[in-house]
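These are the structures in question, set out in turn.
First chain A sits with chain B, and in the next complex the same chain sits with chain C.
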Partner chain A sequence: MKVTESIVDNIAILNVEGSIDSKTAKEFEKAALSAINSQAQVIIDLSKVEFLSSAGLRVLLMIYRQIKAQSGKVVLVGVSEEIQEVMSNTGFINFFSIAETLQVGIKLLK
Partner chain B sequence: MELKTFPAVIDSLDSIRQYIKAVAQEAGLDKKASYNLLVAVDEIATNIILYGFQEAELEGVIDVTTEKTDNFLKVVFEDDAAPFDPTKRELPDEEDFDLPLDERPIGGLGIYLTINGVSEFLYEYINNRNRNIFIVDIKQ
Partner chain C sequence: MAEIRIDYYPTHEFEGIKFRRGHTLPFGATMVPNGVNFSVYSSAAISCTLVLFERGEAQPYAEIPFPDEFKIGDVYCMTVFDLDYERLEYGYRMDGPFKPEEGYRFDKNVILSDPYAKVLSGRETWRADPNWDDVYPYRSRLAFEDFDWENDHPLETPIEDLTIYEMHVKGFTSHPSSEVKNAGTFSGIRNKIPYFKSLGVNCIELMPIYEFDEWENSRKNPETGELLVNYWGYSTVNFFSPKAGYAATGKFGMQVDELKTLIKELHKNGIEVFLDVVFNHTAEGDHRGHTISFRGIDNKTYYMLTPEGYYFNFSGTGNTLNCNHPVVRNMVLDCLRYWASDYHIDGFRFDLAAILGRAQDGSPLSNPPLLESLAYDPILAKCKLIAEAWDAGGLYQVGSFPAYGRWAEWNGKYRDAVRKFLKGEPGMIGEMSQRIQGSPDMYSSRGPTASINFVACHDGFTLKDMFTYNEKHNEANGEDNNDGANDNNSWNCGVEGETDDVAINFLRHKQIKNALSLLMVSQGVPMILMGDEMGQTQRGNNNTYCQDTEWNWLNWSLLKSNPDLFNFAQQIIRFRKAHPVLRSATHFRHYDYADSGIPDISFHGTQAWRPDWAETSRVLGFMLCGSHAKAGTIRDETIYVAMNMYWEPLNFELPNLADGTNWYVFANTDMANSEDIHAVGEEHLLENQSAFFVGSRSIVILVAK
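Here is the complex of A and B:
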């Protein structure tokens, strides 16, 4: 897994690539926390993530709590159909804004 | 029936998923069934590796057996770690999933995904070995 961060119009954009599992979830968490601490609005681009385990869901939960605590906003972009289904089965989907593309995601935050 | 052995270390998660993905494809599972099986095997492999071996400071392997019939694909994980029955863990229920994310208990999520990811999930302890069994029905 690889995470790169960029900032566009005061929005932190996290680009994640690869699998988020028990091996890589910590690194994802670290990158997400640092992005949240720098900006109140965060986009997590998951379009290059082919696998997300419960360890990854736990990080999403942590991100949600952190963002909520600081009255910020988080948008997930490019979530695969399979990952969306897992998020939907576990009720996670109701707590996140999901956008198909980065442009739509940025619009959602404006 | 085919047997493949993986060292019980966290680096094996990727290769176990890749292997099972290939097996699922060969068995003709659709994308969704195949992904859900990957989630299930990843959760159980993670448990075995982190708690069965790493935390217990043991070294070992996971033996992965796969078997395909006309009606189902069966994947079996066997290991020599201490007996651990994942089905005995308390599962989150519907009520938990209705709770806002910040009030929600997070334990048991992995085993919930495991059980819901396959047609049948079974655990046995036989000949001093843990056996975690995943069965996915194949639609005709």
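Here is the complex of A and C:
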């Protein structure tokens, strides 16, 4: 798993590659929290994530909590249909906005 | 904050795995900082080994014997570090004597499930072919217990205000006509929440969702070659784990989140969730059964044994959980507390609950400690507790179940009386007058809320079949029609089975409407069986425990073929909701204490104020005074119900209304579609205010406005 970050218009954008599961969740959490640091708006691009386990979803929720505490918003981009399905069945989806593309995601946050 | 606790660090190492002495409580496997705490009880094992698997692997990657110093009392405890929460599967080996005649059945060759496991793997996808050669088929796993409930908490609706809908998770949405994604799952139910709202029920009671094995006793249907499985699930493998195969996300191990999400969403919609819980026996069967967990951990503690070391069989399924043993009692209590606090469950219905009142030697206790503990438990304080107050050992406690001011009961006598009354049996009027009052003859001190009223439930005929079959037709179960009850009190209305005869079909629908009407105008708590609101049939099978097949799933297209039934169900449920006079928490007093000029309840016959109690009578009218609603604290409309189960129409003289109001017809089951029932508030003014011609086998409901 790899996380790269960039900041566009005061929005922290995290690009994740690989699987987010119990083996990589901690690393993802660390990278994500340091990247969002003081940003209130976050986009997590999951288009290169093929597997998101229960532990992975929990990290996403932690990020959501952190951002919410800063009165911000989290948008997920490029979520595969299968992952959306799991997120919907388990209720995680209710906490996030989901956008098809990065551009749409940025618009949602403006 | 720095992690300054010194027990965050290991003290021991075994084949590269680090661990230390654990905490004795809580039992089970608990995530702790840096590791997992394991704790398991056995009163007679001489040693215990923790067995660790990487998820799905055939062989364990480690087996760590508990060092002697990690045992406190009869509890083995250990904290193991650096385990992968998601990929871990764990179990135990217990060594000890194998002396069945003394009650010991230890076998260290068997890897045992943790009785306190919160998730079980092995049956993640419903009816997926299991690995029959697995060294450890039902594997204990860890559950994330950090679900975000937001503001949710159990609804605490007063029990008398509930309308319960008894349903099967798989059967509710498996039929193609359900048209939901994730058919047959918790998620599928979530898609149907608007349906519950439309029907009007505010409580769903789920048939067993504790992990069970649908493959238990699986076999072929001798007629069709179809596979028969354990569809109902009254055979618990583990009490703390939800059935993974009931979750769309079970294959990802996320059944806990999926179920909690369903419950949270139901609560948002004002719908309570009850679980049908099976604490009377386990899936381990009798002495010929498989050892899964309890038998190999502490046979003597968990089961009621005969002096020869065999299993008492009060459950009819091979063994009996020893639930009044103090340790087992605590397990049941821990389990219910867990479901109430971690899953926000609103109430529990206890299968064969009479067993919970038996002593360790099987004799009935007058003051059973388990039932008392549950009744007074601080965490369960607002949970509804409902007993199926009988067992397969002949103990029948309907009306006498030890209640401690808390317990309600499935009122089997209500079911039997209503069925007999509806089929026109003589001699039922006296009893019916009690049943519609919430059975004060049975629950004089407990009040009407002790009575869960039902006419049909999963066990037996559906309402439709009750009026379509005189006899059970269980051949498809492969037991030569010997299984299932014979005392169904059913009546086929003239022809056994389905027919094109218009008159018979009209009568069958009318009888279903009569049954729904009686349920909704009776004091107590009504319960409807899934599908009875649309005429669901089981083809005359009254014991469909093994039928995971299309005809046994809820057929949603019946909504289109029987719109009159569904409309009737909707309106009659709304009627009950609209009228507090139907939902009293206390028994009637039979006099006028609200100064309205009439008593709270009065009985009538074809002549007003003169009920006919004769053996030959099939007629009863009753009037509920609106000024006495909720013990006189609320003003409601006065309601009059005329029931004519005679085979000819009869003219009923109506009680006079002295307060200037008039009688309006809300329902008349004898009328053809769309005239049979009206929406609340749109009742029709009666032309003749002094009498009503009530059709044969019909019920008429009037309101005074």
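Simple rule for what comes next: the second predicted complex is superposed on the first by the 109 of 110 C-alpha atoms of A that agree within 3 Å, B and C clash if a C-alpha of one lies under 4 Å from a C-alpha of the other, contacts with A are read in each partner's own complex, and residues count from 1 in each chain.
Heads up, the rule we're going with is that a residue touches a chain if its C-beta (ideal position, glycine included) is under 8 Å from a C-beta of that chain, and two chains touch if they have at least 3 such contacts.
No experiment lies behind these values; they were computed from the predicted model shown.
After superposition on chain A, the partners chain B and chain C are seen to clash. In the superposed model, A:S54 makes contact with both chain B and chain C.
By the touch criterion stated above, A:D9 is placed in contact with neither chain B nor chain C. More residues of chain A lie in contact with B than with the other chain of the pair chain B and chain C. Shared-chain residue A:K68: touches chain B; no touch with chain C.
Once the two complexes are overlaid on the shared chain, A:G91 sits against chain B and chain C alike.
By the touch criterion stated above, A:S22 is placed in contact with chain B and with chain C alike.
Two complexes overlaid on chain A leave one chain C stretch from 225-233, 243-251 or 297-305 clashing with chain B, and it is 243-251.
When the two complexes are laid over each other on chain A, chain A has residues 21-23, 53-55, 58, 61, 85-86, 89-92, 95 in contact with both chain B and chain C. Within the complex formed with chain A, the chain B residues making contact are 10-11, 13-14, 17, 31-32, 35-36, 38-39, 42-43, 46, 49-50, 97-102, 104, 106, 109-110, 112-113, 116. Against chain B, the residues of chain A that register as touching in their complex are 19, 21-23, 51, 53-55, 57-58, 61, 64-65, 68, 81-82, 85-86, 89-92, 95.
Within the complex, the chain A residues that touch chain C are 21-23, 53-55, 58, 61, 85-86, 88-92, 95.
Taken together, the chain C residues at the contact with chain A in this complex read 84-87, 144, 146, 148, 182, 185-187, 247-249, 252-254, 257-258, 260-261, 264-265.
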